[in-house]
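Next, two complexes with chain A in common: one pairs it with chain B, the other with chain C.
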Partner chain A sequence: MKLYLYGIIDSSDQVKDSIYGLEGASVYNIPFCDIGAVVSEINQPIQGVTEGAVLEHEDIIEKLMENFTVLPVRFQTIIDGRDNLLSMMQSYYKDFRDNLERLHNKLEFGIKVIWPADKIKEHIINTYKKNDKKVSVPSNSSNKRFMRKKFEKYKINEEFQKKANKYISVMDLFFSKFAVEKKLKKLKTEDLLLDAVYLVEKGKQDNFRDAFEHIKSAHKGFKFLFSGPWPAYNFVILPKNNDLLKDSNQEDLFDKVIQHRDLVGADKI
Partner chain B sequence: MTLNSVVETDFPEEFIEEMEKSNNALPKRIDANPKNVEKGLAKLVLTLIELIRKLLEKQAVRRVEAGSLSDEEIERVGETLTKLENKMKELKQIFGLKDEELNLNLGPLGDLM
Partner chain C sequence: MHNMVTKSRDVTLLEVLDRVLDKGVIISGDVVISVADVDLIYLGLKVLLSSVETMEQLKGSPFAGPMQEAK
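What follows is the complex of A and B.
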């Protein structure tokens, strides 16, 4: 019997409410020591990633979060039988326990920022041209002109990165006041200035939201996306050198869910 | 307690476009199968050459900035880097590869370039 895994919870108790999962099967907890793996039985492989299935997966994790701390597992994690599941629980018990303690009472929020990259670059180029005198790269041959062009490109890019760092550090300063952990990605594309996730205590989510509104109103011309609260998909930390992970298809057990989460979020825009 | 998750933005299309751009540009794995093994390998090799080329270029530019290169040396470095860049253009054209394809996602370490 194959088991579809939704998440790991900080309890060995049975799920009290009747929750139905993929294929309408009952969702139940398989206890291991003082924690548990929440699963439902599944007969056939899931055909691709559909918005409905992703939403269902997400919905079940959110329901579990009403009563438990949850380590959300990536969409489409299927374990071949109870014995394999228990063996995985045994191998990871300490890591699961540590993560559950760390993530207790915490939620994840996503922040994305698009900045007016073209205008900023244009401004940098204009400023650079005005101050060009400082730099003396000869241009009396094609090879030297090549080097001069490279030099200018390098300087403009350096300034672009500096500006990006400056904006990000100001924004992050506000968000970090109310967050316990964060993951920031700078300039994933030239326009996407910031793609960040923050881990926030439940009691501070309103403060975090206020910080976002403040940052948003202070940066005219920038575009913002706020998402959350989410289960802490991005903050589950597991060692990657575990044999069980190497031998099975469970690699990246947690860290890919986030990609499907965009699909979930897109539905709610 | 329910989470009541929200995704709020006045610019959904722009964000979807940017996320697609960043996801599409960097495959997690090299796509090598019997049908396109040559292109897959070329992509891997050219990515590594491109990395070295960019490092050389950066090093040269830094030395120019520091003023530690003579006129003659700038000429020589310029010639070398021009030739290297032209050769790369040629190879990319032969294997039908675009600039943004010459990169690798190194998982938790981020992108190669």
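What follows is the complex of A and C.
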């Protein structure tokens, strides 16, 4: 029996509402100690990434969010049987527990800011040229001209980066006031000034939205994209090399899981 | 109007894809059955997600659900 895994929740209780997952199968919780893995049974591998399947995956996680703290699991994570799932839960238990505690009562919001990069660059170039004329020295040789062009390009880019930093620091100052964690990416492309995700306490989401509205209205000519609340996809932290299941001691580990499962009554669903 | 709605759906989908295909709990190991082509498709989407042209298409489109855009 293959199990499609949607999320890890901070409860060993059953999912109260009737939720149906991929292939219309019932979604249920497989408890492990005081947490659980929410799954549905699946018969055949999903054929690639389809819009319907992706949205369904996300929809189920959002439904779980209504009642639990959820660690969303990557799309198309299919575990080969219940014993393997419990083995995985054993391996990751501490990490899952730590993440669930850290992310309890918190939501993720995404913010993308597109700025008029062309106009900003044009302005920088014009200012540079204007100032440069005052100290203009005729350069006759092609080498000098080449070096000069290189230097100009460097100065323009430097100024462009400075301006980006300035805008981002102002925006982030407002957003950070109501966030507990954040991840910012500056200038993924020249136009995409900021691609950020913020982790916000549930009780502060209105403040966070207000801060966004304030920033939005203060930056005419910029385009803003606000999304959320999301499950905290971007704030799940798992050690990179936590790959115990590839360990040669898998058999020992499996024995431990069986013992543990008996102790906690994990097989009673 | 139909076109605008489509764009709005595209944005929502892009935001979802950006998360569900790459973020959250990523479990490695033999217990996970790998599904062919997902990684390849994902690479394509990543390029798409980074594309400013895609974002530029959003001009003036109304955003449904949790999404909103401002000029």
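Here is the rule we use: the second predicted complex is superposed on the first by the 235 of 269 C-alpha atoms of A that agree within 3 Å, B and C clash if a C-alpha of one lies under 4 Å from a C-alpha of the other, contacts with A are read in each partner's own complex, and residues count from 1 in each chain.
Going forward, a contact is a pair of C-beta atoms (placed from the backbone, for glycine too) under 8 Å apart; a residue touches a chain by one contact, two chains touch by 3 or more.
All values derive from a computational prediction rather than experimental measurement.
By the touch criterion stated above, A:54 is placed in contact with chain C alone, chain B being left untouched.
Using the contact criterion defined above for the overlaid structures, shared-chain residue A:87 touches chain C, although it does not reach chain B. Of the two partner chains placed by superposition, A:36 touches none, neither chain B nor chain C.
By the touch criterion defined above, A:225 lies against chain B and chain C together after alignment on the C-alpha atoms of chain A. After overlaying the two complexes on the shared chain, residue contacts for A:65 are found with chain B alone; chain C is out of touch.
Taking chain B and chain C in turn and counting the residues of chain A each one touches, the greater count comes from C. In the superposed model, A:107 lies in contact with chain B only, and not with chain C.
By the touch criterion stated above, A:233 is placed in contact with chain C alone, chain B being left untouched. Touch criterion met: A:151 reaches chain B, while chain C stays clear of it. In the superposed pair of complexes, A:21 makes contact with neither chain B nor chain C.
Residues 112, 114, 188-189, 191-192, 223-231 of chain A lie at the contact with chain B in one complex and at the contact with chain C in the other. The touching residues of chain A, when paired with chain B in their complex, are 62-63, 65-66, 107, 112, 114, 135, 137-138, 141-147, 150-151, 154-155, 185, 188-189, 191-192, 195, 223-231, 259, 262, 264-266, 268-269. Considering their complex, residues 2, 5, 7-8, 45-46, 48-49, 51, 54-55, 57-58, 71-80, 84-85, 87-88, 91-92, 96, 110, 112, 114, 188-192, 216, 223-231, 233-234, 236, 238, 242-246, 250 of chain A touch chain C. The touching residues of chain B, counted against chain A in their complex, run 1-12, 14-16, 18-19, 21-23, 25, 57-58, 60-61, 64-65, 71, 74-79, 81-82, 110.
Of all residues in chain C, only 11, 13, 15-17, 19-33, 35-38, 41-42, 45, 50-52, 55-56, 58-59, 66-71 touch chain A in the complex they form.
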